[in-house]
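In the two complexes that follow, subunit A is the common piece, with subunit B as its partner first and subunit C second.
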Partner chain A sequence: MLELKSIDVFYGHLQAIWDVSISVKSNEFISILGSNGAGKTTLLNTIVGLNKAAAGSIEYKGIRIDNLPPYKICAMGLILIPEGRKIFPMMSMLENLQMGAYLPGPRKTVKQNLDKVYAIYPILKKRAGQLAGTLSGGEQQMLAIGRGIMSNPELLMLDEPTLGLSPKLALEMLSSLKNLHTQGMTLVLVSQETMQCLQLAERAYVLENGRVALEGQCSTLLADDKVRKSYMGI
Partner chain B sequence: MLSGYEIAHGLIGGIFVGLVYALLSAGFSLTWGVTRVINLAHAAFALIGSYITLTLLELAGVDPLISILFIVPVLFILGLGMHYFMIKPTAKRTKDITSASMVLSFGLYMIVENLLVVIFKSDDRVLHSRYSDLSFHIGPISVAMTSVTSLAIAVVSLGVIYFFLNRTYTGKAVRAVWQDMDGAMLSGINVESVTAITYGLSLASAGVAGLCLVLMYSVTPYIAFSWLIYIFLIAIMGGLGSIVGVTVGGLIVGLIVSLGSVFIPFAYINLVLFVLLIVVLIVKPTGLFRR
Partner chain C sequence: MMDMRNLNMLKKTIPWVIIVLLAVFPLLSPDIFFLSIGVILFMYIALGSSWNIIGGYAGYLSFGHAAFLGIGAYVVALMLINYGISPFITCLLGGLLAALFAWIVGFPVLRLKGPYFSLATLCLGLAVPVIVINLPASIYGGATGLFMPLLPVDIFVNRTIFYEIMLALAVVTTLISRWILQSKFGLGLKSIRENESTAETIGINSTRLKTMAFVLSAFLVGIIGGIYAYYRTYIHPTTVFDTNLSIQIVLMALFGGATTWQGPVIGAAILVIIDQVLITAFPGAPAEISRLVYGLILVLVIMFMPHGIMHYILNWLKSRQLEAEDQEVQKSC
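What follows is the complex of A and B.
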């Protein structure tokens, strides 16, 4: 479904991503792991067109997308829930969700998608009129994911969705992702919560200093000594 | 001794002037908020609206109300042009678009002002429309029909902009780009075209404000500078980001000017305004109506 072939990404003269190849198949649940500064966010931003790759290619559903602007990539159903949520603080919760359905395609399914979002996160329905900036951290994260769901995603990528959440909320957040996957969504989850990600996802890539250091089935990686030592402190 | 009549007159005058200035400032606040561009040429574009109104009336007898239909598309296209040929290429080459845009738009302001001098000469121009000799009575106070007309235009225009920003998808997208550019891109908003529309809307509303102002006052090509000062005051007081804020800011400034001239000599009014501006900037730098 998504195919990255040897991509390089630069910030000015600094190279942040080196020769990274990743592939995601339809209905898969992939996790991308790595410590702070490993290049996870840069990689996701490059896939959706916020950054440009200097070399290599990105294909989505067989179409080259590495030169498309973000809104065109969004229109193809490849959606990123960004790190830090990036919601619109001075707009109401409902208006935020409506913005997720800005494109002509999703705008036709606003009602169904709203029901879907409210079914996953019932608390959002109660907050419909509230300014998004006044929501709690957990609610803002739900809103960010809800906004993504409003865009009719086929492949949903989430960048650190549990960041800043209490352990209990983080678990609820991750189990809501599991549900989305069971309902047929293809997911890419980026997180520093190595243990939980490896238990949830099917396959994982481990990034180190902008390169793929390890990849494989989560069960294999969970048993790997190096992974256990470097990322789980066991 | 001040009479109630004088105060009432000042109050009504302040509301009229304030709402027209609010319309003049709305577009300025919009482009500043959405694209971090401070458009010093904003008032000059309003003046283009004034001169279009004058010219259409004098050459073809077009009613000022009808000339709105001409001003809005012309200024909208000028706004698109400003975005595509000036702001967009500059924004690509600089990290500090705010400073760059001030220098750039100051140059644009000079060009527009000089073009207006070349075409229309620098004489004072007064609009003589069929409203000019009529007046409207609120109790004992009479208000010129021209002022009533421009108030009506200003209120309707502010209402239209408010409706656009808060009730339509495109308008909400303008606010979204304003609040979080990356978030807007990831939601599928074409930031480029939304920005272009913002410029079109900004200059179109300036043009309509110029029409309102030429209904009330005489104009010369040099008057845009004094308008610009009011625009700054109102945009900063109202805070960037809300039409309601700009409207209240306009009313405050209008009332201070109009009521102030009842109590103190007119020459001191700008002094009061700018002391107030400095106080606002020190006490609440984000404007009176921004959290």
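What follows is the complex of A and C.
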């Protein structure tokens, strides 16, 4: 479904991503792991077109997207939920969700998607009129994911959805993702919660200094000594 | 509750009653001075509402809107002097030319963000008059400016005509601005103001939306500029491309609350009236005194109401509504 071939990404003269190749098949649950500064966020931003790849190609559903502007990529059903939530704080919760359905396609299914979001995160229904900036951290993250769901995603990428959440909320967040996956959505999850991610996802890529250091089935990685030592401290 | 519905009806009718009262005001044959204040007041309301589309909703603070005003003014003056076509028709052409100009400069300028956009538009506002001064003086008036023939009516009727036209422009631009705020277009602009790159990732073509807002804003300002030129009958690069005017528009919109459609209306109304009152309040004193007080009021409002007056009014109304609902719940218990 998504195919990255030998991607290089630069910030000015600084190279952040080196020769990264990743592939995501339909209905897969992929996890991208790595320490701070490994290039996880850069990679996701490049896929949705916020950064441009200097070399290599990105294909989505067989179409090259590495030269398309972000709004066109979004229209194809490839949605990123950005790191740090990035909701619109001075707009109401409901307006934020509606913004997810801005394009003509998703506009037709606002009602169904709204019900879907409220079914996954019932607490949001009570917050409809509230300014999004006044929601709690966990609610804001739910809102960010809800806004993503409103866009009718076929491939949903989540950048650190557990950032700043308490361990309990983080677990709930991750299990809500598992539900989305069983409903048939393709997911790419970036997170620091290595253990949980490897238990939830099917395959994983480990980034180190902008390069793919390891890749494989999660069960294999979980058993891998190097992964256990560097990322789980056991 | 019956009171609630009546209150809502009242809220809807009051603005229209005020507009009708303002429209019939010249029938009382008031002093020409009041008509002149009306013209200026309505002009600033119209300018503020037009500016708000790009400056308030999208958060792109343009400090160069006088450029569009001046273009409208010059188009109207040139068409009247050379071809004798009425400014009330050619003001549309002035708007179109201002819009075209905004569309062209929008390509580079709208790529800038925050203070850089403001600076670029400020420079734009300073550059256009220099260009106009250096155009052939025999046609464009150069540093002498352009004189237009007066409307062949007496001064009172003349003022009344401009009073009514400016009132109509103020109402129309405010309605357009209100309609935009409630539309999908306005929602997109708001999301650009809040976070442009996130807006793009959820499918918003921010370049197109920003350009549309900038062009529409310039179009309306160009029309107002055309009417203003005919009202003044004499235009000069330093008066119609006045940077002070650009800044005044921004101030009034921010003063009233630039994220709302009512903001520019309230801001312009309060500031124009304060300005006029101050000038007449200290008749013997030097003009600087009224400027000082005007500045002081601005500083105080910006310090204590940084989001503009409208923001506070809306919050107050909301809290009162919540209180009323609470009381109703208590009564029913």
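As a working rule, the second predicted complex is superposed on the first by the 234 of 234 C-alpha atoms of A that agree within 3 Å, B and C clash if a C-alpha of one lies under 4 Å from a C-alpha of the other, contacts with A are read in each partner's own complex, and residues count from 1 in each chain.
What we mean here is this: a contact is a pair of C-beta atoms (placed from the backbone, for glycine too) under 8 Å apart; a residue touches a chain by one contact, two chains touch by 3 or more.
Values in this document were obtained by computation on a predicted structure and should not be read as measured data.
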{"item": "Fit or clash between subunit C and subunit B when superposed on subunit A", "value": "clash"}
{"item": "Which superposed partner A:Gln98 touches (first subunit B, second subunit C, both, neither)", "value": "both"}
{"item": "Which superposed partner A:Gly164 touches (first subunit B, second subunit C, both, neither)", "value": "neither"}
{"item": "Partner chain in contact with A:Gly137 - subunit B first, subunit C second, else both or neither", "value": "neither"}
{"item": "Partner chain(s) touched by A:Arg147 [first = subunit B, second = subunit C, both, neither]", "value": "both"}
{"item": "Set of subunit A residues, in rising order, touched by both subunit B and subunit C", "value": "48-50, 69-71, 74-75, 79-80, 82, 86-91, 95, 98-100, 102-103, 106, 147, 151"}
{"item": "Parts of subunit C lying in touch with subunit A, wherever the complex brings them together", "value": "184, 187-188, 190-191, 194-195, 197-206, 259"}
{"item": "Residue numbers on subunit A that touch subunit B, as the complex places them", "value": "48-50, 69-71, 74-75, 79-80, 82, 85-91, 95, 98-100, 102-103, 106-107, 133, 147, 151"}
{"item": "In the complex, subunit A residues that touch subunit C", "value": "48-50, 69-71, 74-75, 79-80, 82, 86-91, 95, 98-100, 102-103, 106, 147-148, 151"}
{"item": "Residue ranges of subunit B in contact with subunit A within the complex", "value": "169, 172-173, 175-176, 179-180, 182-192, 241, 291"}
